[in-house]
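There are two complexes below, and they share chain A, which is joined by chain B in the first and by chain C in the second.
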Partner chain A sequence: MSGEVRVYGGWRDDLGLRVIPSKRIGKDVYEVFIGPQHPGSGHMRIIIRVDGDVIVEADPDIGYVHRTMEKLGEIRGWIKPIPLFERMAIHDACNITLPYVRAVEKLMGVEAPLRAKYLRVLLCEINRIASHLYGFAIFSIFLGHSTMYMWAMGDREVFIQLAEELTGARLTHSYPIPGGVRRDIPQGFPDMARRAVRYMRKRLEEYRKMFLENPVIRSRLEGVGVIPKNLAAELGLVGPNARGSGIAYDVRIIEPYEVYDELDFEVPVYTEGDALARTYVRVEEIAQSLRIIEQVVDWLEKKPREPIVDESIYKKYPPLHKKILESQGRAKLLPWMATMKVPAGAAIGRGETGRGEIIYYVESDGGVNPYRVRIVTPSARNVIAFKYALPGHRVMDLPAIYGSLDYFPPEADR
Partner chain B sequence: MAPRVGLRSLEKRRTLIDGVRSNIHVLMLGVKYFVNPRRMTLVYPREYPKLSEGYRGFIILKKEKCISCAACARICPSAAMKMIRVQEPDPKHPGKAKMKQYPVINYQRCIFCGYCVDVCPTEALYHVNYHDIVYDNLADMFWDLETFQREPEYKTAAEGRPVRIVIHEELGLVKVPVEDKA
Partner chain C sequence: MVEARERAEGVVGPRRYEEVLKAARSRAEEALRAVGVSFSIEEGKGFVDLVVDVDSVVRAAEALKAAGFDHVVSVTAVDYPKRKQIKVAYHVTSYLDPEIAGGIVGLAVYLPRASPEMPSLTSVWVSAEFMEREVYEFFGVHFRGHPDLRPLLLVPELAEKHPLRKDFVVREESIYEGVPERVRRG
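Showing the complex of A and B:
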């Protein structure tokens, strides 16, 4: 390597890539390793260089929870990777597996019936709220606001309870399957969901008072970690982080999937680009998800029950399976699904998880296993923001910026 | 009706008066919860949550229904379920034995995805609605064919009081005692 290549300064462009320079290295800088054991760093390490108390450079060092998701996805059939991919972000399980399922559906040429689509959206939005509340809780405890931490974690439990009633599991629901979903809503679910929605609305008002408008919190977040719009676009940020910087990008709007184009909701976009704006995006998104849940639950209650799996699968159901679907609302799997072959081809699945856009590229060579499953998770795309949002701030701002980016290492490392 | 983008912006950096006012709001909220706390503590194991019927807990085999199709073992994502071969008296030829296959489960590996229960063509597998069972050693978590047919003893239920966790409009999650101890 030649002496001029500056790894940390960001000038290194031996691949011919245009590299966005971060701050220059000053003379008397110390290198501080935040993590991976630091309680506030998650399963990652941020290497910062500080000049006095001011961060001049930051390098996110990822890969501590790499679990070879993509490779494991190639060796266990088509339906078994669903519980596996959930492990990338277990509190966002439906959002993170749905695009994979949709990609496989495209290859198989099946489509979920309308009712199943509504059910998927229902669980996706429950997951989105739970995921935002989880991020919110972690964020608050980063800032030392333990009240908000307890509140958010406690209120997340309401939505986990809803998901449990719907799917039978608290977190790893394994709910969508190619061609439909696994369960219909149980008795009394719509009322339960409505109660949860009304409860959460009131709580959001209290969150506003306790956290968002709290002068201490505001002075720690306002103008901190600003990512301008053009930088956010250049870095390719997704999800609430992009929307906090004024980029109106949400897969639910750009390329509506399932039944999102039939629902009435707003995608909040803030232009400030600082930690506070990102926080407001998430809180607003919770409010919008509550609206979606209400609409979906109304629809599910009004419409008569119908099979929640694709016609072609339902046709093959023996009488016992049909009976169980009718009496218990449980869509059974068929034995051939374990070792099914999927026609050769390639398909892309996109979806908006709580943290942003996730993309699956699924390729089949006509065999019993996927030939390739490429996963690009939102956290993997957002992690680069650390490098550009941190420099210039004091070390005490690091937790605030980290928390506001809602970065989730297991999802990024896959 | 369609989704749309809602462009918003934050309010400007506020004055001192606003700061004082929000501080008072926060304090009032604190006082409200100090006087009227909303706690929900489950005194486990003296109380335990009675989970809904659809809960995906431990899996039990009804051997007489099993047709030895091995679908459950094939679909298991974590290879927790395996087929074993056992000798059984043949009903058609008295006095003779025949080999039959049955599933057994390794609860060290099971992730409670419920695929096996959903794939079984004869409903020979079912979930019980509890999962909090402790084992002294790992070897006990390999269930043989005998264990697999018995619902495990739910010790928590013997000692604790069942409560049902419900969502309340004002209080969030609340626990309601369950009378029948089943």
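Showing the complex of A and C:
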């Protein structure tokens, strides 16, 4: 495929700033409601206006799975929001909660020990692969490719079991806590992880043959839903959607958190900006995450075990808790954490989830509850892409564009 | 297709975030001074807020946009009932300018809580459109000149109550709430 960009839609290539006005219904324009129930990733409605078969306007209508995360975050203390927030995207739990934990850590002035940082990165990358595979499965079923759906969902199980081995829970791990993590790796984990990595590498090769180079799939994705670089920047798209449009931006490199600056990995960037480019970014990212898992597991195996919580917290552990931590590698939460107070101030914590950058603005007034938690999830930032990428396409392209954006309603609605 | 892949390290990093933030901050301050907008600074951990007057917010936003801050990461509103104010901060950063890419600078205003109103910045930053709608429904801030100001996540009845304001109190329900007395007794 050449690097040429085909331009469709309600914007021009020179762009400028042109907000598409809403509600401009003309003669012979039909309004079609797609959703909120559809065979996709959850509840979300797109109201499209079509002239014949061509979409002239799209209005993403979201909020069907709004769960008041920001309000609940203000009344439940500092620890309980962790299991709450991971409900936004349960298959990406560690990536979703880690930035919140880091923002709280910044306010508290504690830092996770090095081993805990490696453990966090390990689970983040396992989650990232699982999240991409989940997105892939949904994408494939959108396109009517049910084999790929089965494959991706099946292979996701490998990484879910890996996460279960590490944390004790398949999906909602609640793994990072302010000052550390809750478990060290169990015996035999490194070999299990290496086996999963070897397996997934082989599978990626099969994905390529079966899906990415499948002429039917390519004809549905190539040159479809093109978002040029400038438009992607204007819209503030994040994650694989931005990187598929040539924006080299990844929080793991922009603001290297935990131990990402010590690891060797690449951030794949494609310049085409179409649905196929976004798909390729995700496949490449799975391959890079596999590399990271290998490096992290090697490090964890080589280095001696140490407490996986910050020293200031470890000091307060009663002897029984210390014993459990040393013999089983489990860090118990201390009762005072449920009612702890966090010094006043505001902090922004951010991280790269499977779907892109997530931002938490956490403000404390020195009390037992956060004063304000503002959450901006990647899907909440990507949703505006529907409004700009859909016009100019035929209705049959809608599932392909939707799937390629990897939009996840529960995450966007919060 | 694979050839188009670049090693992103060569493009943006690796670097220390503190330095990027410093560069972004001085860039923003210069931009505001150049257009003669006075501002005060509020420090945060991992970002900085430049607080300006409501009357000069559009000029300030245009200056920041021209200085390379190309998208909004969050329109963050905070309610301060004691001070009778609502703070609205546009946290912006850059994708296309590698020198300041990722550094988060906030353009903030304080609005009177009784009638919070400010000009919409969607015409400057397209990426603010949906986030302004969110602040509108959750805090009742009216954005003048917004192309399509209506609730985004909430149903209209709930949006009228502006649930993220501090005086909207979430009442804890008991387990048997709404269950008739005879059923409750078993």
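Throughout what follows, the second predicted complex is superposed on the first by the 386 of 414 C-alpha atoms of A that agree within 3 Å, B and C clash if a C-alpha of one lies under 4 Å from a C-alpha of the other, contacts with A are read in each partner's own complex, and residues count from 1 in each chain.
Keep this in mind: contacts are C-beta pairs under 8 Å (C-beta built on N, C-alpha and C of every residue); 3 or more make two chains touch, one makes a residue touch a chain.
No experiment lies behind these values; they were computed from the predicted model shown.
> State whether A:270 touches chain B only (first), chain C only (second), both chains, or neither.
A:270 contacts both chain B and chain C.
> Look at A:248 in the shared chain and tell me whether it touches chain B only, chain C only, both, or neither; answer first, second, both or neither.
A:248 contacts both chain B and chain C.
> Which holds for A:349: it touches chain B only (first), chain C only (second), both, or neither?
second
> Have a look at where A:280 lands relative to chain B and chain C in the superposition and call it first, second, both or neither.
both
> Thinking of the overlay built on chain A, is A:256 touched by chain B (first), by chain C (second), by both, or by neither?
It touches chain B and chain C both.
> One more residue to check, A:196. First (chain B), second (chain C), both or neither?
A:196 contacts chain B only, not chain C.
> For A:183, using the defined touch cut-off, is the partner it touches chain B, chain C, both, or neither? Pick first, second, both or neither.
first
> In the overlay, answer first, second, both or neither for which of chain B and chain C A:330 touches.
first
> Regarding the shared-chain residue A:209, is it in contact with chain B (first), chain C (second), both, or neither?
first
> Starting from the residues of chain A touching chain B, keep only those that also touch chain C in the other complex, and list them.
The answer is residues 248, 250, 253, 256, 261, 266-272, 276-277, 280, 284 of chain A.
> Would you pull the chain A residues touching chain C in the complex into a rising list?
Chain A reaches chain C through residues 1, 3, 17, 19, 21-23, 62-63, 66, 68, 70-72, 75, 103, 106-107, 229-230, 232-236, 242, 247-251, 253-256, 261, 266-272, 276-277, 280, 284, 345-350, 357, 359, 361, 363, 371-372, 374, 376, 380-381, 383-384, 413-414.
> Spell out the part of chain C that touches chain A in their complex, as residue ranges.
It is residues 1-2, 4-9, 11-14, 17, 20, 44-47, 70-74, 76-79, 91, 95-96, 101-102, 104, 122-127, 129-131, 138, 147-148, 151-155, 163-164, 168, 170 of chain C that touch chain A.
> Which residues, counting only chain B, touch chain A once they are in their complex?
1-10, 13-14, 19, 22-23, 25-26, 29, 40, 51-52, 54-56, 69, 71, 74-75, 77-78, 111-115, 118-123, 127, 165-173
> Quick one: which bits of chain A touch chain B in the complex? Just the residue numbers, please.
Residues of chain A touching chain B: 76, 79-84, 154-155, 157-158, 161-162, 164-165, 167-169, 172, 174, 182-183, 186, 192, 195-196, 198-199, 202-203, 206, 209-210, 213-215, 218, 222, 246, 248, 250, 252-253, 256, 260-272, 276-277, 280, 284, 318, 320-321, 324, 328, 330-335, 337-339.
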